[in-house]
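Both complexes shown next keep chain A, but they swap its partner, so chain B is in the first and chain C is in the second.
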Partner chain A sequence: MAHPSQLGFQDAASPVMEELLHFHDHALMIVFLISTLVLYIIVAMVTTKLTNKNILDSQEIEIIWTILPAIILILIALPSLRILYLMDEVNNPHLTVKAIGHQWYWSYEYTDYEELGFDSYMVPTQDLTPGQFRLLETDNRMVVPVESPVRVLVSAEDVLHSWAVPALGVKMDAVPGRLNQTAFLASRPGVFYGQCSEICGANHSFMPIVVEAVPLKHFEDWSSRMLEDA
Partner chain B sequence: MLRLTAGRVGSLLTRRATAALSTSSARMASHEVSETVDMSQPLYWDRLDTPLPDRPFKDIVSAADKSLKQKEKGPWSQLTKEEKIALYRLMFCQTYAEMKKPSSEWKTVMGGIFIFLGFTGLVVWWQSIYVYPPRPRTFDPEWQAKQVKRMLDMRVNPVEGFAGKWDYEKGQWK
Partner chain C sequence: MLALVRKQLRNHPALIPLFIFIGGGATMSMVYLARLGLRNPDVCWDRKNNPEPWNKMGPTDQYKFYTVNMDYSKLKKEGPDF
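On to the complex of A and B.
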């Protein structure tokens, strides 16, 4: 989750998110360089003592400031496309989970071996125990084994929602009547929070997503327990 | 001629076609390139970036001015300092020093900005008293402390972020 007054991204919990972090550093550096250059040029233009306004020919600089931006754009595009294709790689998931958006909660179904399904409602502020995170905690978490490729099939029962977990680098729209597939790999154990990312009504801000990555043994214990309780 | 017979149409069209196909430049010479005529009135201005205005500042009317202008046609080393200044003032309204002189406009602008900022601050203050709902209990210091402890136990952002800045051996911030 984010910590107070955080400015940057959350630390990556999946390899794809790591790639995205590095790409963002690269693209943002280019953006800062260009912005600094433009700001310098503006200040220079405004404070100049030169008064000759009759510049009629400027072939060389026109060539430069056409070719150079093209090169910069290529330098941004190549890493970007690399990550795009990386995300599309076949990853042979060990587990498939269905995340279904409702107004206003998520439901998760683990149907690879048994029929496990449960709802995940936000814990209201008055029911929080001291130390819990307001508007982020849910009664049931989506538990996944750590270091295992997981496929998530995202859909919705009523209106558009979006299943997003920033630390894992995942966001996928939940469209009624449609199955959208995304995948992630939790590279470290932990609890990762996200929030519904498509306006879906009055309680759109109050249907968070919590993914808990645990060692495989713990995951097996958890799923057996959930099946018994159901 | 309200009735256009086929024969007349044919001849009209033929004349149009020959006119279009004709490339005689001699026929077009009188209006191929238009004459450029500047119809603006000569203006006077004091501008740093365009130094030389269309016309002098003052018209030479009085006899003293006219004789000064005559003297200007001779060697300038014979002009006195006052005459040179008088000639300058005839030709121009302000000197470069006068044009570049700083004004106090910035004080007015900054004052206006601060007044609006101050007014906004008053509005924000009023809002915080009369409009905002009560703060959630999760903002209480005890709750925040428990939250921080929980975030550290959960290893939230352990690489470079939150828990990455906590020294777990020593039990203190790095």
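On to the complex of A and C.
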């Protein structure tokens, strides 16, 4: 989850998020280099005693500062397009989960084999136990097996919502009447938090998402337990 | 018009890379748009002879421009035949 005064992304928990992290580092480094160069040139221009009252032109420098930015843009565009197409790839999911947005909670349905469905409400602040995170914990978590491609079908029952988990690099709008598909692979076990990312009314900030990635045996035990309790 | 541009270019050769990159970028965008219009199965041009091309996609068709990790020739059809 995010921590106070955090500047960068959360640690990646899926291969797609790792790629996004690396691309962000690459693009940000280019941005820092260009900004430093421009800042240096501005300071140099402003503090120099040299003056020239004639109009200056030079073909060589014009060629350089046309070709170099074009090359830099290509160096940014190629990895960007690669990640764009990578994120769209169908990856033969082992499990399909439906995440339905309501005002103001999420409900998850695991209907591949049995009919398992449950709601996921935020834990109110006064009911938190020590160690739990304020405004991020839910009573029921979306449990998925680790290292398994998971398909998430996102929709909504009433107004627009958005299902987002930053650590997994996933965000998909929940549109009423529409089924959107996204997929992820949790590469390590853990608990990953997210929040509703489309304004949906009074409690938009209070309908978080918690994804728990566990080994397959634990996932099977959990789903049997949830089916019995229902 | 083109002769005038060519004459002015001789005095300012630094503009040649500009023409190359801008022209190349515009060409690539138009070619991609044309590819989307003509080859994308979501687009229907002929309502009488080919009304719903999105129903005719096989499991091994690659209609995306670029695949990083997927080999479409290895996929199998998952759903039932209509």
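One rule holds for everything that comes next: the second predicted complex is superposed on the first by the 228 of 230 C-alpha atoms of A that agree within 3 Å, B and C clash if a C-alpha of one lies under 4 Å from a C-alpha of the other, contacts with A are read in each partner's own complex, and residues count from 1 in each chain.
The rule is short, and it goes like this: contacts are C-beta pairs under 8 Å (C-beta built on N, C-alpha and C of every residue); 3 or more make two chains touch, one makes a residue touch a chain.
The structure displayed is predicted, hence computed values, not measured ones.
Peer 1: For the combined arrangement obtained by superposing on chain A, do chain B and chain C clash, or do they fit?
Peer 2: After superposition on chain A, chain B vs chain C: fit, no clash.
Peer 1: Under the superposition described above, what is the C-alpha centre angle at chain A formed with chain B and chain C, rounded in steps of 10 degrees?
Peer 2: Computed from the C-alpha centres, it is 80 degrees.
Peer 1: Would you check which partner chain A:67 touches, where first means chain B only, second means chain C only, and both and neither mean what they say?
Peer 2: Once the two structures are laid over each other on A, A:67 reaches chain C alone.
Peer 1: Considering only the touch criterion stated at the top, classify A:1 as touching first (chain B), second (chain C), both, or neither.
Peer 2: first
Peer 1: With both complexes overlaid on chain A, does A:11 touch chain B (first), chain C (second), both or neither?
Peer 2: The first partner, chain B, only.
Peer 1: According to the stated criteria, A:179 is in contact with first (chain B), second (chain C), both, or neither; which is it?
Peer 2: In the superposition, A:179 contacts neither chain B nor chain C.
Peer 1: Considering only C-alpha atoms, give the closest distance between chain B and chain C in the superposition, rounded to the nearest Å.
Peer 2: Between chain B and chain C, the shortest C-alpha distance works out to 19 Å.
Peer 1: Could you give the residue numbers on chain A that contact chain B in one complex and chain C in the other?
Peer 2: Residues common to the chain A contacts of chain C and of chain B do not exist here, since the sets are disjoint.
Peer 1: Within their complex, state which residues of chain A touch chain B.
Peer 2: 1, 3, 6, 10-12, 51, 53, 125, 128, 130-134, 188, 190-191
Peer 1: Considering the complex alone, what residue numbers of chain B touch chain A?
Peer 2: 48-51, 136-138, 142-143, 146-147, 149-151, 154-162, 164
Peer 1: In their complex, what parts of chain C are in touch with chain A?
Peer 2: Touching chain A from chain C are residues 12-15, 17-18, 21, 64-70.
Peer 1: Would you pull the chain A residues touching chain C in the complex into a rising list?
Peer 2: It is residues 59-60, 62-63, 66-67, 70, 81-82, 85-86, 88-90 of chain A that touch chain C.
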